[in-house]
């Protein structure tokens, strides 16, 4: 394992500390318990947005704290959801009197810790609502699983709900638009290589020089199928097909598309994937209204990519275009 | 054999647990690497190290329940992931079950284990056979209750619980996970032991050893 | 070699095609010969800025085409400088009557091809000037070498010269500020792993699990020293020391700092490096006025990072802060 | 032995070159990987493939110079990197040296090789001993001039040039590079042959073979 780190157990603290120095104009870092809030938090009268989860997915979530997106991010240990004792003060720190929305990715750990925190923050008098992002079509959503994982769709939920909060929507409305995004967004990932959790020191799984993992998660969890290496166009088709069929996309639908790098894949390759997505969607008559191509939700240094498609309506597109100013997403300001 | 366990036992239990989790850290990471995300050993080790720090700082007070409550709060705020809230709830419910008793007899030991199991099930909504820590705690709770009813000593109740938990943990190997991170793997989760069930068995064995040591 | 590509010989074309679709609001892609221009080019009365070089360093250069930065980027084959037949039409396409500045990284291939193109564009009546970026302190700058390489400093030159051009400076002034940035900027890189050029199919060099390459270039060229793996703080010191001594930074100096990922290193690690840079510079009394942390000039999927420090004056900082709107750098708009 | 070379020779030369560059593509990439950036073979292969495409499309006209000029322009616009402009200039200067001659005698062959060498040096500013293609072309130009003065046939002039270039390329192995990408390596560049010198020797050998074939 070769990484630009010091003590494997201090990775998250040191990284977030550096993040705080680099983006002191945007955020304040609370070191213990560790959480990151928008510099001007709490914004009076605005619904506060809190997300969080295991670290190792940067820029998610701290990179999305700022105007028009999150008010706070709570980073856990690498790939480990944060604990209530950090989520609670983050929640109260961003409560401007209009309540707080927790944006939770659907993993048992995140759900349980945010649930506990929400209960306790509510007991402290904060009006807390939660939405659960579960966009990963690689996972069967059934009574007999923990349900679909929350992956790339989270970025879109955070942006659009963040925009709604910024324009002054109340807690019910912000939660409702977040839920509408969740209902309309699906993702699918592929790994070319595994990643190595610093404290584990060995790769999370093994792939030979000829294998790739289709449907991989963002924690180095093995995916659904391990197949022989294919070209970018073939892989892209495998990512897109389950999404279009799950969303039942039809000609005339309008979408926001994200081609996301898993951390170790260069931007040049992501654009090759995006090119193919654009060709395939054009073939279906589906319009890409907005797009993101880059590293937005990663799995440490894993090589691979994920594709996220949101069926967008007018309001989502309008919210999308409003100003956003965070470390990793910025426009209009 | 002592007929009751005390606060010293509770402290020995937790120290034993911290030691065994630290010793088995790598194995638990490996188990979680196979069907999860390779952090279970790291997370528990961090959590129990923090618990010992607070015990050494004198934060635990007189009763067994106060020890278990400290464990609960510390695990809740340092472990994270699925196991943090699950074990946090387990120890909290166990503490609640003990009330302010200074001595824990065989029946109360069985109640403690049952309460811990109930807490995990209430929080995680998993059933027996879902390939989770429930598959260790449920047979453990059942065995503890039976042993207590049969008049066993507290140490033997815990030994029965530990044995049942170990068997339960082994029994998770062929199962297909239906809860937690391993469920994403579907059929590919079969053939590996559940890390949480294994750590649960370690915790219960530590409790039994602590009782044994105290009565030696 | 596992990459998200199709035909290894079509990598650049397909990637730039995808880039053009994703950023159609910003750029126009000319497919043959391949170059990328700002969508509103030529901007009448504005000095045009053209850069280019081998591909594989994305987002450099196409990701920096847009308002306040480059007017055109000319991508060559992977790690191979582009040819005059592409540089010439890119140059004429962005000539708004105020002349064109070529920003060239100091590699023999880039120098020779841009030189030829500049001569021929000048023969076509375009007023062309060139600056040569040579900021890599890993390379001895002497009569007996090809001189220092152009690396991370290029991003800063493109931004600041782009800002000067955008505010209406004439060709001499834009070239002068670009040269001042070049004179004040230095960089140093490290590789944890090698990268693989698609057509070569094997890594550019070999590093064992315990070795790192200090002073690596952005083409998988071996660096100056191969040393045993160290922690992030130690490596950061090795990157910073030659820069501070070459620049003779002293207490009170003001800087713009970039911690750049080589393509395969996750953002979390870059912030650990940045944290250490900030600590060390603070120890020297040197102020970080602005910073960039992320992937700006990469070497395919190489794991590693580079550090760039510019001694900045008031004008550079003022230019830095003006609006920029490109695919990879955006603020104020 | 024919005393003059013609346009057919020039075309054979270029086809031979394209073939050998394609055959040696991997070796040239490997050489460049060691002390450069692993693209020399790929770039030249792309360039000469494009040249053959244009020759097959009938773009080369009647004189040897017209063939070499087509090569020059095509390499310039398809090879890139350092080698593109250097070889482009070399072939351009060679074409200029031939003027509109339809037949190339031994003296003109020597002039051609010398002009190519001069073009490379003018463009790249490298000296003998800098571990570049100059270390192949300079001995080749010298050997060609001497052979022509000694009354050799054009084929023998080219054979002498190719031999000298091959020796020159081998001779780059111990050198420390002072120009081009390999110079960044400093002393670590020693122990490897320069890829450009090796490809130069291949090009000159292809010229000699083409002359040999024509006279067979």
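For reference, chains read A, B, C and D in written order, and residue numbers begin at 1 within each chain.
Heads up, the rule we're going with is that a residue touches a chain if its C-beta (ideal position, glycine included) is under 8 Å from a C-beta of that chain, and two chains touch if they have at least 3 such contacts.
All values derive from a computational prediction rather than experimental measurement.
Colleague: Would you mind naming the chains that touch chain A and likewise touch chain C?
Modeller: The shared contacts of chain A and chain C amount to nothing, since no chain touches both.
Colleague: How many Å are there between the centre of chain B and the centre of chain C, using C-alpha atoms for each centre?
Modeller: Computed value for the inter-centroid distance: 55 Å.
Colleague: Which whole number of Å gives the spacing of the CA centres of chain C and chain D?
Modeller: Going by mean C-alpha positions, chain C sits 33 Å from chain D.
Colleague: Can you give the whole-Å distance between the Cα centres of chain B and chain D?
Modeller: It comes to 76 Å between the two C-alpha centres.
Colleague: Give the residues of chain B that touch two or more other chains, as numbers and ranges in rising order.
Modeller: none
Colleague: Which residues does chain A have that touch at least 2 chains other than itself?
Modeller: In chain A, nothing touches at least two other chains.
Colleague: Draw the chains as points, connect those that touch, then say whether the picture is a line, ring, star, complete or other.
Modeller: line
Colleague: Tell me, which pairs of chains are in touch?
Modeller: Every touching chain pair, ordered by label, is A-B, A-C, C-D.
Colleague: Taking the touch rule as given, give the residues of chain B at its contact with chain A in the complex, in rising order.
Modeller: The contact residues of chain B facing chain A are 29, 33, 36-39, 42-43, 46, 76-86, 123-124, 178-181, 183-186, 188.
Colleague: Where on chain A does chain C make contact in their complex?
Modeller: 1-7, 11-12, 14-19, 21-22, 55-56, 58-59, 63, 192-193, 209, 212, 229, 231-233, 235, 263-276, 278, 291, 293, 295, 298, 300-301, 303-305, 330-333
Colleague: Spell out the part of chain C that touches chain D in their complex, as residue ranges.
Modeller: Residues 9, 33, 54, 76-86, 107-109, 112-113, 115-116, 138-140, 144-146, 149, 197, 199-200, 202, 204-205, 217, 219-222, 224 of chain C touch chain D in their complex.
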